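Listed after this line are the structures, all set down as structure tokens.
Both complexes below contain chain A, partnered by chain B and then by chain C.
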Partner chain A sequence: MVLVLALGDLHIPHRAADLPPKFKSMLVPGKIQHIICTGNLCIKEVQEYLKTLCPDLHITRGEYDDETRYPETKTLTIGQFKLGLCHGHQVIPWGDLDSLAMLQRQLDVDILVTGHTHQFTAYKHEGGVVINPGSATGAFSSITYDVNPSFVLMDIDGLRVVVYVYELIDGEVKVDKIDFKKTAASTHSAH
Partner chain B sequence: MLKGKKLNLPDRLGSLLAGFEDKDGDSGGSGSALDLGEELEIIQPNRFRSGRESESDDEDGEVQEEAMVKRKLEVDEELEHHGRQPRHQKDGSDHISVVKTIEDDEKRSDIEYEISQKMINVGKLQRIVGTGLPDGGNLRPTVWKLLLGYLPPSRDLWEKELIENRQKYAKLKEELLLTPSELARIKEEALHSNEHNNADSGTDGPLIRHEISHEDHPLSLGKASVWHQYFEHIDIAEQIDRDLQRTHPEMKFFSGESSFSRRHRESMRNILLLFSKLNPAIRYVQGMNEVLAPIYYVFSTDTDVQNASNAEADSFACFVLLLSDSVDHFCEQLDNSSVGILFTLSRLAELLKANDEELWRHLEFTTKASLMEYYAFRWITLLLTQEFNLQSILRIWDSLLSNPFGVQEMLLRVCCAMLLCAKSRLLSGDFAANLRLLQHYPDIDIEHLLKVAQDISPDTSSFCLTL
Partner chain C sequence: MIADGVEDEEKWLAAGIAGLQQNAFYMHRALDSNNLRDALKYSAQMLSELRTSRLSPHKYYELYMRAFDELRKLEVFFKEETRRGCSIVDLYELVQHAGNILPRLYLLCTVGSVYIKSKEAPAKDVLKDLVEMCRGIQHPVRGLFLRSYLAQVSRDKLPDIGSEYEGDADTVVDAVEFVLQNFTEMNKLWVRMQHQGAAREKEKREKERSELRDLVGKNLHVLSQIEGIDLDMYKDTVLPRVLEQVVNCKDEIAQYYLMDCIIQVFPDEYHLQTLDVLLGAFPQLQPTVDIKTVLSRLMERLSNYAASSADVLPEFLQVEAFAKLNNAIGKVIEAQPDMPILGVIILYSSLLTFTLHVHPDRLDYADQVLGACVKKLSGKGKLEGNKTTKQIVALLSAPLDKYDIVTALKLSNYPRVLEYLDTETNKVMATVIIQSIMKNKTRISTADRVEALFELIKGLIKDLDGAVLDEVDEDDFKEEQNSVARLIQLLHNDDPEEMFKIICTVRKHILGGGPKRLPFTVPSLVFSSLKLVRQLQGQEENPFGEEESTTPKKIFQLLNQTVETLSNIPAPELALQLYLQCAEAANDCDLEPVAYEFFTQAYILYEEEISDSRAQVTAIHLIIGTLQRMHVFGVENRDTLTHKATGYSAKLLKKPDQCRAVYACSHLFWVDDQDNVKDGERVLLCLKRALRIANAAQQTSNAARGNTGSVTLFVEILNKYLYFFEKGNPHINVAAIQSLVELVTTEMHSETSALDPAANAFFASTLRYIEFQKQKGGAVGEKYEPIKA
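Moving on to the complex of A and B:
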């Protein structure tokens, strides 16, 4: 049972001051084993805050990040799953499923986590999953209207991952759940 | 018919201990003392004497309890006078080991006879076991289960009881020890056995979102949430793990990284975690692992394969039974109450006073502090598991479990005996030295210690707690 927090696009301090207090009260250290962050934090203080939640922190570079040394993409293996991380502004058209699928094949991962659109989505595509955790602060985006703060917590347990989606809608935290089972046969072979 | 023997019992006890201290570690005071003890039971004084260069002592043929003890004391006195004795006398030792084996065999067959009865006479068993269980013959697991009340006296009911209890344990584990994600998975598989599989293997596209309640997610802060409770117990689990790493580090059974010891630690972890979940008032207290260790060790080294494989379930039940009358010692709120640890300590003080007022007075007043809390606390709450090695603990627990007046009663007597046996050193020591001595209790012949404990007048009328 491994808990992985996926979030991004906070745009602190440029577009948002901080995480919503309701989110902050839930995110306590000691529960989460890994954090993957799509990017656009933007300042070091946010990275330090995330580090207090969990020492294992992975970040990819968003176009507004102060820290220039984050990688463009990152892959990691947690349990039976291979996760890929990328901010998403590099993949054009932004948010396009087929283009993201190309990136997924390129990185050869089961779960691809990208951001940039500030909109939560979760797609199943060719045996893998593409997840966009949205913006954890609900920061303004030129491509999405009415952004709700959201983030994602994945519970990886063997061949099964349960994705908990936390969204702040009208001041209330709503939690949804998505189940995904990796079939043993769906190993990505080079096409 | 002993001529010219000094009868100052307490003094000798003290010097007895001191005598052991003088011998060096490798010969092992307790070892030679045991030989001597056995020798005294032989009604062949001349043979005994021939092995030693000693002044002639008149012997009588009787082997009375008191005489035995006194003679043993004198022999030890001689040892002190004559310095180091070679550990094995040529003739004596063969004779000793033969006699001991014969005795063990007799005891073993006695016990086997007792436990093979249809209706077991627990009182009789208690009496025999009070003198210690022989090592061979795999008697300890069954006898302990009988003495603790896990197995009923009627032999026919054993099978049924065992199966029932083991099933109960498995069920408890299922309910309380699974991680929340496993629980969620099982729940789901029960609900959507077919639907989900189809949906998954089928179409690509947006994944279906299912709304869930506020209790059901990992970051939930609600008290009723499975996740919240799980995370609360993580701290306890970590503490248990840390303590288990430190249990009996010298034994391969418990420590080290082999899959063998890992499996044992995992079983013990389950037991302790389950116990802490079922008893939220005391949860887990450091040291419970030490109390569990002998029980689990004895049950898993049962040569009966079925019993050994169910050692975890049996140990859990017996652990609960053993702690049932001393569990209040662990609860801090009850410290000052009439069932708490302080009351028990005062009982121990009273017992000491009744048996040896001089020592009691010295400990209470001359050292100007109530020492009891510093050392006896650990003796009593952990049932002496931290003071001796595992073999000694097993022997002591034989006596504790077989006491007809209960474990606690005998425990107090053994503690009192420990104090009496160290009397001369305690009398000559100040606060710091005494504390050091009692917190690292020196090696002593266990049989002797238990004999002293047996000799202490129980005074059970006033001390027996009404249940």
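Moving on to the complex of A and C:
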């Protein structure tokens, strides 16, 4: 059981002062093995905070991030899964699943995690899964109205990943989960 | 010289100990053979060592302790003697035959102890006799230790309530009388030390006095533990007598120590009930006594007492503690016009803490204290000095711990105190205030309060007089400004009119911040404003509404002017991003000219200010992405903006970037939810243009013989063909797709591209996708069927 926290679009300090206290009390150091962050933190303090939760931290660049050296995309392998990470403002039309699927094919990953729309989505297609963890602070978005704070926790176990989404709705944390299984060796590398 | 003195002292102490031990040895022998006469003889000789004047208190103490231990054994012997038939009265008389007075008195006290225990005479009589006899020793050090011995042996024999020594003739009154007398005499001896010896040895003497002070203070401890002393006796007898001695001795060291002792040793409720008397003593003390420290400690104790339980609070009100303390402090400050400002602040800090604990609902009291501070500070200019500024920060932080900022803002004198802080300390306080707000999640919801708040934290908002911005550490500066940005998120009111006022107030303040601060604070304000726009969007525009009411248009006007300030800094990328955000918001409000204006501004910035190639790529993505979502533009405007965007895309520095931006532009001509934006031909033109660029890129890199990476571009374009093919773009047919597939396949087999596994994998997954679509069957499957991989 490998726990991967996926979150992003916090937009601290421009659109939000801090993570919701109910989220903060849930995110405890030492319980999570990896953190993948879609970007738009935006300041160093947020990166340092995330680092205290888990030292294996991966971040891609959002357009408002202070740190200009985060990469545009990132891929990593966790267990049997290849994950891809990208903020998503580079994929036009924004939030369009077919265009995101193209990025997924390009990065050759089972799970693609992107942000930018501040709207949680989890979409399965023949090539794999596209996940958007939404905005962890519920930050204002020109694309999505009424953003609820949300983040995603993935439990990777062998060929199966359970995606838990945590959403703060009217002051209460609601959890939902989605199961994905991959068939063995469904991604091929060319010879 | 001093070294010699110490060495000599060591020698004398050693000699004293030797003498003591030798006589003790013989005394023990006498005790073992029940030889009273000899026991008395040798014990007297042993005690003679204590007659020395050569030892400092510290060393004398060592000698004394050994004598003390030996006297305990002697006391046991005396007790046994009386059991063996010796009369205690006779013994009491016998020991007075000792040659020298000091040994005589030690022996007398020792016998006295047994005498009291025997109950043959009332305790009070023996005690009275002893305490008066000890007057025979007027040498300070010797006298203090002797009386200390008396105090020690009498400790458990005082006729306290419930003690076995209480009787008709013996009461707690007598116990108190005894202790008070011993205390008084000890203090006199202690004070006398100050005036002995040469003036140049004053420092040494004061140090020695300090070593002895606990001997004197112990008496007060004893008093505090006498059970029979109730509040009335304390008020009527104990306190007045002690204070009388404290005041009359006119000694700075004794007064400071003893006042503090009284405060620490006796219960807080007693202090409350005798506050008048206690405070009344202060002005009578020597002017050099550090009254402010003692007063502060008193207030601290009372504050803690108040905090310990709500039940005690009424008592405070009943004795009017606040008024009395306030007055006392005022008097002290008046009496000492030269008191350094640090002292004044310490006093008022303690009083403020006291007030916050005891009268949390009386903001006027707290304000009064701050007001008194301001009065004292006026005319002194800015405060300096590490300790002083630390103390002021403590003073100003206290109300924030107790109240939220909204309540604290009601203290009219609070900002006035801040006026006296230097720039650095102002910033420190501002940070403390912001942290308090964030910790308590205080909502600041009116423009007036925001105004007051920003006045308080102006140290962070702009350069105050005399500030030198260059000296600030960059990381610290960033942190400060980011905390201001976060603060702005907490300023909110659901009522749009009030919220707009808040936004205007914040804007007014942050625009004075200068070019270094704006990039941090402006974005926060912009998003706050956009949130308000969205809120107003939901409401119908009221045609009968007032002229002055807030509308999205008004807010956009403000936004335009606000973002403009960024372009001059320069912070063009940020300004561009914010313009596009505003454009999207205007789009949602159906305000075409406003949205167009924002786009124009963004484009100007792109053309004139953004030259870094990476920044250009990001800017282009944002422009295309935003424009793609615009539905408010008429054909003409849309065409103009699209045409320019495509132009920019084709002129990016690197060919791969150009290619990608151009095919991204294809989406500008085809928007799913807008039926009038489905221009299949222009889509195809874009894709073909992208293809040409990819080709050109291919050739350049072939010539350079490096890794291409541009095969990927072909695969990307292929994917875009598939995208629009699926959407039903009539201009994209199977043939076009097929030829692309073949083009890529050829490239894959050429030498150079064998080195690009990523491109291969991408192509492979694309082909898999085509297969998958075929297998879907139905309309989609039919569409894809003709494509051969």
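Following the convention adopted for this analysis, the second predicted complex is superposed on the first by the 185 of 191 C-alpha atoms of A that agree within 3 Å, B and C clash if a C-alpha of one lies under 4 Å from a C-alpha of the other, contacts with A are read in each partner's own complex, and residues count from 1 in each chain.
In this section, contacts are C-beta pairs under 8 Å (C-beta built on N, C-alpha and C of every residue); 3 or more make two chains touch, one makes a residue touch a chain.
None of these values were measured; they are calculated from a predicted model.
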{"item": "Partner chain in contact with A:18 - chain B first, chain C second, else both or neither", "value": "second"}
{"item": "Touched partner set for A:145, first chain B, second chain C, both or neither", "value": "second"}
{"item": "Touching partner for A:123 - first (chain B), second (chain C), both, neither", "value": "first"}
{"item": "Which superposed partner A:171 touches (first chain B, second chain C, both, neither)", "value": "neither"}
{"item": "First (chain B), second (chain C), both or neither touched by A:157", "value": "first"}
{"item": "Residues of chain A that lie at the interface with chain B and also at the interface with chain C", "value": "126"}
{"item": "Interfacial residue positions of chain A with respect to chain C in the complex", "value": "11-18, 43-45, 63-64, 68, 89-90, 92-94, 98-99, 101-102, 105-106, 108, 126-127, 140, 142-143, 145, 187-190"}
{"item": "Of chain C, residues touching chain A in the complex", "value": "438, 478-479, 482-483, 485-487, 489-490, 520, 523-524, 526-527, 530-531, 534, 577, 581, 584-585, 588, 614, 618, 621-622, 624-626, 628-629, 664, 667, 671-672, 712, 715-716, 719-720, 723, 726, 757-758, 760-766, 768-769, 772"}
{"item": "Chain A residues touching chain B - in the complex, by the definition given at the top", "value": "1, 3, 25-28, 30-31, 121-126, 129, 153, 155, 157, 160, 162-166, 173-181, 183"}
{"item": "For the chain B and chain A complex, residues of the former touching the latter", "value": "179-182, 184-185, 188, 196, 200-201, 203-212, 214, 216-221, 231, 234"}
